[in-house]
Amino acid sequence: MPNSARVREILSWYSSDNVGVRTNIARMLNQGRLAGTGRLVILPIDQGWEHGPARSFSKNAAAYDPRYHFELAIESGCSAYAAPLGALEVAAADFAGEMPLILKVNHNNSLFNEPSADQAVTATVDDALRLGCVGIGFTIYPGSAFAQAQFEEIRAISAEAKSKGLAVIIWSYPRGPQISTAGETGIDVVSYAAHIAAQLGAHMIKVKPPTAHLEQDAAKKAYAGRPIETLSDRVRDVVESCFAGRRIVIFSGGATKGTAEVLEECRQIAAGGSFGSIMGRNAFQRSKAEGVQLLRDVMDIYADAAKG
Amino acid sequence: MPNSARVREILSWYSSDNVGVRTNIARMLNQGRLAGTGRLVILPIDQGWEHGPARSFSKNAAAYDPRYHFELAIESGCSAYAAPLGALEVAAADFAGEMPLILKVNHNNSLFNEPSADQAVTATVDDALRLGCVGIGFTIYPGSAFAQAQFEEIRAISAEAKSKGLAVIIWSYPRGPQISTAGETGIDVVSYAAHIAAQLGAHMIKVKPPTAHLEQDAAKKAYAGRPIETLSDRVRDVVESCFAGRRIVIFSGGATKGTAEVLEECRQIAAGGSFGSIMGRNAFQRSKAEGVQLLRDVMDIYADAAKG
Amino acid sequence: MPNSARVREILSWYSSDNVGVRTNIARMLNQGRLAGTGRLVILPIDQGWEHGPARSFSKNAAAYDPRYHFELAIESGCSAYAAPLGALEVAAADFAGEMPLILKVNHNNSLFNEPSADQAVTATVDDALRLGCVGIGFTIYPGSAFAQAQFEEIRAISAEAKSKGLAVIIWSYPRGPQISTAGETGIDVVSYAAHIAAQLGAHMIKVKPPTAHLEQDAAKKAYAGRPIETLSDRVRDVVESCFAGRRIVIFSGGATKGTAEVLEECRQIAAGGSFGSIMGRNAFQRSKAEGVQLLRDVMDIYADAAKG
Amino acid sequence: MPNSARVREILSWYSSDNVGVRTNIARMLNQGRLAGTGRLVILPIDQGWEHGPARSFSKNAAAYDPRYHFELAIESGCSAYAAPLGALEVAAADFAGEMPLILKVNHNNSLFNEPSADQAVTATVDDALRLGCVGIGFTIYPGSAFAQAQFEEIRAISAEAKSKGLAVIIWSYPRGPQISTAGETGIDVVSYAAHIAAQLGAHMIKVKPPTAHLEQDAAKKAYAGRPIETLSDRVRDVVESCFAGRRIVIFSGGATKGTAEVLEECRQIAAGGSFGSIMGRNAFQRSKAEGVQLLRDVMDIYADAAKG
Amino acid sequence: MPNSARVREILSWYSSDNVGVRTNIARMLNQGRLAGTGRLVILPIDQGWEHGPARSFSKNAAAYDPRYHFELAIESGCSAYAAPLGALEVAAADFAGEMPLILKVNHNNSLFNEPSADQAVTATVDDALRLGCVGIGFTIYPGSAFAQAQFEEIRAISAEAKSKGLAVIIWSYPRGPQISTAGETGIDVVSYAAHIAAQLGAHMIKVKPPTAHLEQDAAKKAYAGRPIETLSDRVRDVVESCFAGRRIVIFSGGATKGTAEVLEECRQIAAGGSFGSIMGRNAFQRSKAEGVQLLRDVMDIYADAAKG
């Protein structure tokens, strides 16, 4: 489809990237229910790896099958589906060309989650190409002892991905010995972590919805005159922290919640200028009908925001 | 979009290819006016290189600009647009993601057209990736003194393209010291040339519409009981020669003709079971309104044929 | 032999792999007593490396000779035989083509078994090719401090193996500072470890028969409504955890046991939907007649289960 | 299956090859109706490329589809099926593991058949591995101006194939400015060409049935006391020329013939000690029932000969 | 300096190139007397190589010293200076950063100028980088027997140059057995040769001023209704032939002429929409004062044309 004016505007921010990268970003922006609005809802399913299959899928046993994930993404009209290597290998051929795919190339798990747990790089740019993906996904832990090593890993992977025309999406999850649990979602830390992802060269950045907590003393002063009371305020701060909004920033849904709560959160996120949501557990830990409906409702919130 | 039953059937023929290849074939089959029908109309514009710019574009000066080619392909609803490196470099960024692109990687020209003229390989698989293409195009001259060298060139390029998830389209144009001018489009020679392209591992094959001429003595006997009177008969023979129809075969429009003549030829080609047409000069050597209308009319012929 | 309907169904799950991989999986599924049933019994003999030769072979001194292992696998009708580099080098030429071979490419030993003991990678994909193997085997220790490094090792080896047409079999043995001894075979941990192997891109996954123990607090809730009382229940949970049964999962026999005990365990494993067993010590630490008989009895259990 | 005494004897001739090569030779020797006899019948179908599709397939239109070739080989119980890249790509996944496959990696065609026509190398060892093949096939023209270059090509391809465990089969077709048409099948020339293939390191050698014609003056004297009257005599000479029978030598069927003629020729070839036949046109240019019957009858001749 | 609106417009045509390429194009567009106008005058001095030093430099012996070339370019306010490897090596360090440099990477000479004379590639992209150049220059001879090989050479060099951020300038000089001497500068041939350079991916194209001669019969018809009477008309045709003016096209001055003649020619070229001139012999085969004055006068003509 022809790119809308808004899609063209977004693509103009990636003018130092080759046409292949811009093509793959456009593929996500032109897919599904939000096509052309400049907003995205992405379905990410790597929770089996992160938390174990039972914790992830026993609530809705159909979700043990990666084909279900494809169906959920396609039927609801998602912009993209992100998953680990194995899940894409087992199901992607059955849905060739139907959904923009993001290969998540590093992972962690809950069988060993000491502070010394790093992510493992478990897939490559060549895997992404042979599986027909539009991009690769990579998680960083800014603040952890591994962060610098991770930054060097994504530097290498990102350079290769970009040269081959693939989009680079960074999941930025701050943590570490100098960050409190509250601090991991504190607005100063989240905006900082998003900014680092942007500086690493990410085309798209994914963070958790930030709280009003301020973790770093030095930051408290900086935020003195800056509105962070509402989630919308804080989302605005995060988006602005990513090159004044010239990078696509999306927010995760986090742990399973009630429908009303999810939608209200999305409304506030959308009002703050988010480019969209990335929503896993809240989508696949319900019946398919409910999951599809929830994703569509979320998309409609962003569609409305895009009109607004 | 979800793949139609026919698209799924076609994709099943490429079961030894990786998902990336199948994804890019699906992108063409799901694009534009013929999306989902299993038929394609492709706009190829390399005539400036082959015959010179004035002979190609002076009839419709707007076509000097490669952006016009994109507009023509997009507005008419083509399945893909094929062009040389320079034309894609100058215009592709302006239409990122709007049209499946095929990078033609070898070329000939009319400034030196002795029998000893081979094609030059002028672009690479990496160019195709950085320009966001779905595939690469390559011309072979079966029967020429260069054919064997060309076969070895496409073997190397094709292996790299397939491993990176790109589709491989071969233009097969027989010619050479043992082939008469009439023989270049004779049914026995065209079907033979198409078969060679299929055996080289092409995902899609492009040939000229064959005539009832039989070039090779040995072939005359083989065609004794085989219907080749009508163009539909001959198209059927070509398609069958490509693994009993399990490869996508499309036919060129050839030199500029009147509208009625073009459409009648397409009707016969469609009736013979062609997967579509690849049509350049007849499309861009008219006003845009006429070119768009002609392409749409051609697509409608294939859409009708697809309905059966 | 022509693939049975069930074998064709299983091969269809590997649609993103090349034909070489599917061919080698088919070779195992069409070998021996269980040929065509979609079930497998594999003979793995690396216990000499893992526990020392005397502990492994003194009970049945004939088993000191790797040719004995081939004979045992061939005479009983196993689906494949898995062994380290040296054992294959010394005996494989004598039985060329008689038995599908899996080259185990990493190993551990008991001369140094502190918690810091990692597996060493001791063979390569090229070794597997020169020895005529159908696949490579690799052990991971999810939960250990080495797991992330192991995941990166198998990522590289697996990518090379798959590109050369070899099957990838992962032995997934959870262990580590946060996993109790009981937890190593607890159902939550085993299913989690199997899922990680599947996500790493394994074609076949080997785990130990799980107990009803639940190790992780967070998992207890997830298993609340999920039957795990019987071994069959638990096997079903493991198989479902591997992409809803769309990956081949087989179970080890574990420590030496009495015949009746072994067979009863296999019956339950088979009833739970396992694709088969991988059985070493119980097979070679008996006389050959007994070992062959036991393996055949185990196969017959799976053959019966396959009939349904 | 366990190797028969004769298969073990044959494999012993390849003791300097790695186990992978011997495994793949064993796979052919243990396949189909002649399994275990030490004899082979191979179905080769590259005539579409060599002579054009109509000349090859119009007599039996079902043979336009490469899946038909697989069915013919499987249903008749052939030892292997040899084909070009494209034919294997389009059909191999549907028959994964059912038939040992030989990828023919160089080809010629009849659109340009001057004396200056060389074969083109159109596929690679990596192609053979990704398609699950047991070996690669290569044609040489001893006596031609290209022969030395071809020998260097097969040296490189063969070295790579052998290191990856693939069998190397050489089609040896003498021709050239100093060889008369009669000489191309003259016994001195055929035995010479077979010997060159053996010296190039071929595991299996394919030649045409030789006539009693003696082409080279120098050879006439050498053959003075050597029986070459009957086809059996001459086959014996060819086999002896290949390291006293310690290489597998098989004979082609040549142009289409009547059934009785084909069978009688095979009987004489078998009586001369041939390891088997490679038979294309006579098999696929009939109805499937007739083709299957003919192939089985040929196999039975070799099975009888093997019994001695 | 900030880019002017016109410079920004020109840079927008290179939207598929990386920022490095655009930066180097901008350096030329923002250099010297024509900075910001979107026009360029380039000083190219490779005549010593092409015609010998005496023929080139004896008229103005100061020009034997490459430092003179730098001074001429700098003092007159040229946009760039193009030269062979040796000339840049001997003088570039003395003027580091003062003048955008183009390394001419292939050359021909007059000691051997048979029709079979090809250009030799005498420098590399790495040379251009170590010498601080903004781009590389390459000559093609469309129509010659070497053209296809040259196209493959520039494909490789251009890909490397572009990836390193260097601009690619192609000198396109048609010649060959099917082109008459008049034809080498005939408008149909020059426009064709310029178009080929553009399709090869050149950022800038240099051709000779075309005459009204029409060389190819087929082109005569195409030019029927197209104005080519004046040099301005013909320049317009060439510029349009390079993607409707979306590539920088400049014209050479050719053989030495009188000042008035040179300036009049430039006026007509400028009126036709040329982006500038590339002028060697007319500049350095005079005294420095005269050469500087001539170059400035030429620049003023383009500056006036740019004002429109």
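In order of appearance the chains are A, B, C, D and E, and numbering begins at 1 in each one.
Here is the rule we go by: a contact is a pair of C-beta atoms (placed from the backbone, for glycine too) under 8 Å apart; a residue touches a chain by one contact, two chains touch by 3 or more.
Owing to the predicted nature of the structure, the values given are computational and were not obtained by experimental measurement.
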Mutual neighbours - chains that touch chain A and chain E alike: B
Superposition of chain D upon chain E: rotation angle, C-alpha, nearest 5 degrees: 140
Inter-centroid spacing, chain B versus chain A (mean Cα positions, whole Å): 39
Geometric centre distance via CA averages, chain E-chain B, whole Å: 36
Chain centre separation (chain A, chain D; CA means) in Å: 57
Chain B-chain C separation of Cα centroids, rounded to whole Å: 49
Contacts with two or more other chains, residues of chain D listed in rising order: 88, 92-93, 126, 130-131
Chain-level touch network, classified as line, ring, star, complete or other: other
Touching chain combinations (by label order): A-B, A-C, A-E, B-C, B-D, B-E, C-D
For the chain E and chain A complex, residues of the former touching the latter: 15-16, 18-19
Complex contact set, residues of chain B against chain A: 1-3, 11, 18-27, 29-30, 74, 88, 92-93, 95-98, 126, 129-133, 163-165
In the complex, chain A residues that touch chain C: 46, 48-49, 51-55, 57-59, 61, 64-68, 84-94, 107-114, 116-124, 126-127, 130-131
Partner chain B, residues of chain E touching it in the complex: 13, 15-17, 142-145, 147-149, 151-152, 155, 159, 174, 176-179, 188-189, 191-193, 195-196, 198-202, 216, 218-219, 221-223, 225-226, 237, 240-241, 243-244, 246-247
